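By written order: A, B, C and D. Residues from 1 in each chain.
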Amino acid sequence: MAKKHISFTLNRQNIDVLVEPRELLIHVIREQLQKTGSHIGCETSHCGACTLDLNGQSVKACTVLAVQAEGGEVLTVEGLLQNDKLHPLQEAFMQEHGLQCGFCTPGMLMRAYRFLQENPQPTEAEIRSGMAGNLCRCTGYQNIIKAVQTAAKNMASA
Amino acid sequence: MRKDLISEPSSFYINDGLQKYGYWKMKITLEKKYAIDAPVENSWAFLQDIKAVAECMPGAEITEKIDSTHYKGIVKVKLGPIKMAFNGDFNIADINAKDKELHLLGKGVDNKGTSSAKMDLVAQVCANNHNHSALIARAEVTVTGKLASFGGRMLTQVSEQILKQFSQQFISQVLALDSETKAKPVQIKRQQNSQSLNGLALIWAVLTGFIKNIFTSRSKK
Amino acid sequence: MASTPEDKQRKENLAGIGCARKRKEDPRFIQGKGHYVDDIKLPDMVYGALVRSPYAHARIKGINKDAALALPGVLTVLTADDLKPLKLHWMPTLAGDVQAVLADEKVCFQQQEVAMVIATDRYIAADAVELVEVDYEELPALVDPHQAMVDDAPVIREDLVGKDEAGQGKRIHDNHIFSWEVGDKSKTDATFKKAAVTVKEEMLNQRVHPCPLETCGCVASFDKVNGHLTVHITSQAPHIVRTVVSMLSGIAESKVRIISPDIGGGFGNKVGIYPGYVVAIVASIVLGQPVKWIESRIENLSSTAFARDYHMVGELAADKNGLIQAMRVNVLADHGAFNSHAQPTKWPAGLFSICTGSYDIPVAYARVDGVYTNKAPGGVAYRCSFRVTEAVYVIERMIDVLAKKLAIDPAEIRRRNFIKADQFPYQSALGWSYDSGNYPAALDKVLEAVDYEGLRKEQAEKRARGELMGIGLSTFTEIVGAGPSKACDVLGVGMFESCEIRVHPTGSVIARIGTISQGQGHQTTYAQIIASELGIPSDQIQIEEGDTDTVPYGLGTYGSRSTPVGGAAAATAARKIRDKARKIAAHLLDVSEQDLEWDIDRFRVEGAPDQVKTMKDIAWAAYNNVPDGLEMGLESVNYYDPPNFTFPFGAYLCVVDIDKYTGETKVRRFYALDDCGTRINPMIIEGQIHGGLTEAFAVAMEQQLVFDESGSIHGNSLMDYFLPTFVETPVWETDYTVTPSPHHPLGAKGVAESPHVGGIPCFSNAVNDAFSHLDIKHINMPHSAFRVWKTIHAQGLDKRT
Amino acid sequence: MIPPEFEYHRPETIDQALVLLTQHGEEAKILAGGHSLLPLMKLRFAEPAHLVDLNFIESLRGIKESNGLIEIAAMTTESQLITSPLLLDKCPLIPDAASQIADPQVRSRGTIGGDIVHADPGNDHPAIMLALEASFVILGSNGERIVPASGFFLGAFDTQLEENEILKAIQVPVSVAGSGHAYCKLKRKTGDFATAASAVSLVVEGGVCKKINIALTNVGATALKAEAAESILTGQTLSDLLMEKAVEKAMAICDPAEDLRGDREYKIHMAGEMTRRAIREAFAKATGGG
């Protein structure tokens, strides 16, 4: 099948790549563009390890075609760091021990990043439902919740 | 050998329905009876015409006759966006003229090598009152592989849904035997668009050309 | 010595043992710079994908590769026939059996590996898999292990026909793998005969899967020029992989390099050596190009390393006061089509004989029979030590069954039977020597914290109103830290652990350890151990694991062996350095070694507090000024062979409310007290407990790999397979006591698996307890809403008046 | 888990999309949110040669009200439904149900139109549509037709929509005074289909149930309208006795397939229990108690 040129921004950089229509966004980001922070955990859009931000929304990039990102804005975990400064969520995940093996972490961070913009002062229950699309096998979530709360607090006072 | 280890498993499985301790019965067992508004001779004649029966089912096609009891064929299945094609072997295990009964076995692997389907069917026609007949079908359908893992949720419902459509075809064909002309396929929406059998009743359907109308009972073990 | 604020400060600077410091590995993970197998991209790398069987049991009549080979981008298609000349179509398993690498004439489980397609990208490989035509003749499938040894059972392993053993002792049937027994059978039987009370229950530890978030995979890269093979692999035991690969391929072990990079969770799934790895290696050797093979999630759940499938019959004999006099357990173990469970080689049922638990049981007998079925091979320790979850489940459930029969409170019956604190070291009826423990103290602390009496009162009130509330207890003892090499080996290699430490001239450290972290935080924990031992801040201690070219031989991470064995190796290696440092310090201070005392981060001359040499001073001197006869440099290696296992324990309590109209179970409260001996990093310990409890919750409530009668696997994607999300996961409360292990250099015992092992029976006991006022003795896991409702409905509890 | 090859089309208007559908016939499939179709393609159960992506057609997005009807464009995502002030105010059942579908990421892609047209018996919107007496605005090359939800769902994955047609919008009546709604869904975990679910929409006047719609999810080949249950309650004041009678009637129409969620008996009972809860909740809302 003929490949298509697509362009979009990835972490605020303009990107132009040649892709097959069937290529999944997660594969293009990881393999062509070598941003391997976003992971593949289930391939059926259940685990959320591939979560990234597309046009201001959290999406699971294993279930989005790369051609659908044409003209869009993509933000991955690699784009959270700005001016060499960690995002408050990144700080909070370390502080609260919100990660263990690290495999779900980029997806968690990207979902939390969007979630806190949708709901800057969430309750614990809201965090649980707002993050429910991301699976973690290591932490039991309790410390991730703490991390999101800590980040929310720090972002509010910043 | 330790009898205590190989004894009846039943006592193990307290509080379970069909989903015993991790073993789940996928085999669908159906037994149905259909009334046919035609004499039993016609029904019986049609029942023996494997190819004609197969052609009742859109999407099914007998591609090769190996001998009088062995056939090769393809069954295409379409269900919403789902399409599958099974290459299969069909075997008439037994035709019993006395009981007007046909025993058929069919099995096939899908063209991706990831799923298989199998059917064991006993079909019988019998006379009903006044020039009417009936068909009794007992079928066991088993699927394996990806289709079982991911399509199992739909299997029973879809089988029934498809049969309803197929039975309309079948009836019209048997009725057509009377008028000596081949009946036109019943207009069902799907057939306008597709030659595929709309559903997972698939292989079963090839062989269950016999099945019509209303089903009377159903059990699933 | 009086502790001054200055001393305290120095100690804090180390961030050593006991410090809840932030993890050293986190900065890379939170920035997306973790380095997992699928992140690796080598020049000219190609991709492998496996053709798998749709049948559980079938003969392969032919394989036609033509259409696949004709697809542009396909480089080769490998089948068993291609591996035969290399004698690589079968491989040894860790359990003394053999396993087909690619199906040799027949397939024995659904999704078994039949062929591997190698193509220039993963998309083409996926397309080509469909084009490989395999002609199968279906055979009857054996799914129920209880039918494995009936006379006309289909024979699964034709390669073993006529052989009366399959690597783990005598077989009595073609589908039988081994019988293993322990304990005094006749004494046990006799005790049962005359006991006042006996209870007997059949219970199942259902087939589950560890399901780490990252699946298994590898990148094999063979360098034709110098004959070196490098394999990046998701392995919990890279050195074992190196040895096996060398044995299989004939490549000298020195030319095989196995690298376990960051691993996205293991939980036992990544201990084994899988066909995909082997074929990728062969393909790389054949093609001279790096070959990547990564499982899909469906492949992972369907083919690599399940856990449990233990069909157990537990029995207790007791006097009328509930004092247990004997225990008897018979187990039928379903190992699938090949015996490739991961246990120490001589232990076909792992450490199942810990099944007498925390109780002083005078006599006991256990027997385990392993059988083949047409299911995926495995039987790994899913976040537990080998078969310990099974063992703890049977005793913790059975003691509740006994309590119910005698109408004794479950807490009280435990208290009556506990091994007392003064009985340690305790010799168990099945042969273990428990190192240390204080069970009553742990239980009492939990009961007080949750107001146990209040809960029981509430339960009684709720029952009066027709509501279902359950209180579950679990007072478990684990056995971890495999293990003493006289008892434990893997393929003949003793289960020691190793650590090499180098102190650089400027006082920073690199240490290499033979274990491999899959999220446990080894880079932090080991650094803390060495920090406290050497008086060098943990921030300045670099930990390296997973690369067999640089790390000394180790047996890897599973069965909670990292801290008990690897941590001991690290401490012992560090002490060797400290011994040498003492010599150098004495030389520098011009005193004798005996005049020196160790003080946090320095040696000081006894009685002359100003005369000190810090470890930093000593490190510098080690490279320019050492006493005569002493080698330069400051490094050490230790291969630590533990004298015994360690026996962590805990007391857990769970409160559930069950919706009698839907069967849904709500965990209202879970209180977990763990005693893992000396605590190295409390933050990491708590994190491990949260994670282990969550996995225990999943197993107890909903996880199961389900098979139908044709051997098709169901629920093998994350659509069905239950991994709890934020929403389903309960809130965890943690607590601890500290009873150090007397034989471990630090007194540490290991913790990551206790919450899984102890958690599962706790949830199950809670659900069962909700029905304890009714005539129901035992309900099997998983306690899904559906299955719980079936019990409720059968009892008519959901009737509306 | 790699989808097969296909050609990708990205029309910017509905007309362009219709032309593509006509041109490619049954070889074409519409791509909406993609969370049903793409997994099927990755499993290679679906292999359309052409994908017509509706995500870039502006006129297929948005929610508006006119003449007592709320019109929801088909490509409106679940998250847009959940946060729509218009729906929250005038048709709260839709946001309530949408928030129980899948998870946040899936909801930011998944669309109401895709959910309806895919007609998986496990999808939630079909029952909601039946409960709300919705109508579907369907465009084909012959123009527009409006089809009521009742009768639209023919079977599993099967609706009255022809292969060369597009669902343009959903019309639902604005909820009237004294109305109450509920969607009660039992599921094993986040992201799962319902074991059973029940949608209820009713109007209460002076304590009497003037009108009630009950529809069930995932207990038959399609969403099921529990008409016999409705007639038990219509014109009546709610009592335990009537409730039980209605629940019994609702259970009687269920014909679920057993799967890992449970057997038929369980699912039928759960459909009953969810109906009981939904009626109660809707009543409470209608009478100001919720």
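Keep this in mind: a contact is a pair of C-beta atoms (placed from the backbone, for glycine too) under 8 Å apart; a residue touches a chain by one contact, two chains touch by 3 or more.
Here the structure is a predicted model, which is why all the values come from computation and not from measurement.
Touching chain A and chain C at once are the following chains: D. For the pairs B-C and C-D, the count of C-beta pairs in contact is higher at B-C. In terms of their C-alpha centroids, the spacing between chain B and chain C amounts to 47 Å. Centre to centre, using the average C-alpha position, chain C and chain D are separated by 44 Å. Chain A and chain D have Cα centroids separated by 29 Å.
Each of residues 20, 22, 43-44, 46, 129, 131-133 in chain A touches at least two other chains. Of all residues in chain B, those that touch two or more other chains are 17, 19, 24, 112, 114, 146, 150, 152.
Within chain C, the positions touching two or more other chains are listed as 122-123, 130, 296-298, 706, 714-715, 717, 719, 725-727, 786, 790. By the definition of touch given earlier, these chain pairs are in contact: A-C, A-D, B-C, B-D, C-D.
Across the complex, chain D meets chain A through its residues 1-8, 10, 31, 34-35, 38-39, 42, 51, 53, 55, 79, 102-106, 108-109, 190-191.
Of all residues in chain C, those touching chain D in their complex are 122-123, 126-127, 130, 296-298, 661-664, 702, 706, 714-715, 719-720, 722, 724-728, 784-786, 789-790, 793, 798, 800. Those residues of chain A that touch chain D in the complex are listed here as 1, 4, 20-22, 24, 43-46, 48, 51, 57-60, 63-65, 67-68, 70, 111, 115, 129-133. If you check the complex, the residues on chain A that touch chain C are 20, 22-23, 27, 30-31, 34-44, 46-47, 49, 76-78, 80-81, 86, 90, 93-95, 97, 99-106, 109, 127-129, 131-145. Within the complex, the chain D residues that touch chain B are 25-26, 29, 36-37, 40, 43-48, 118-122, 154-158, 162-163, 220-221, 255, 257-260, 262-263, 265-266.
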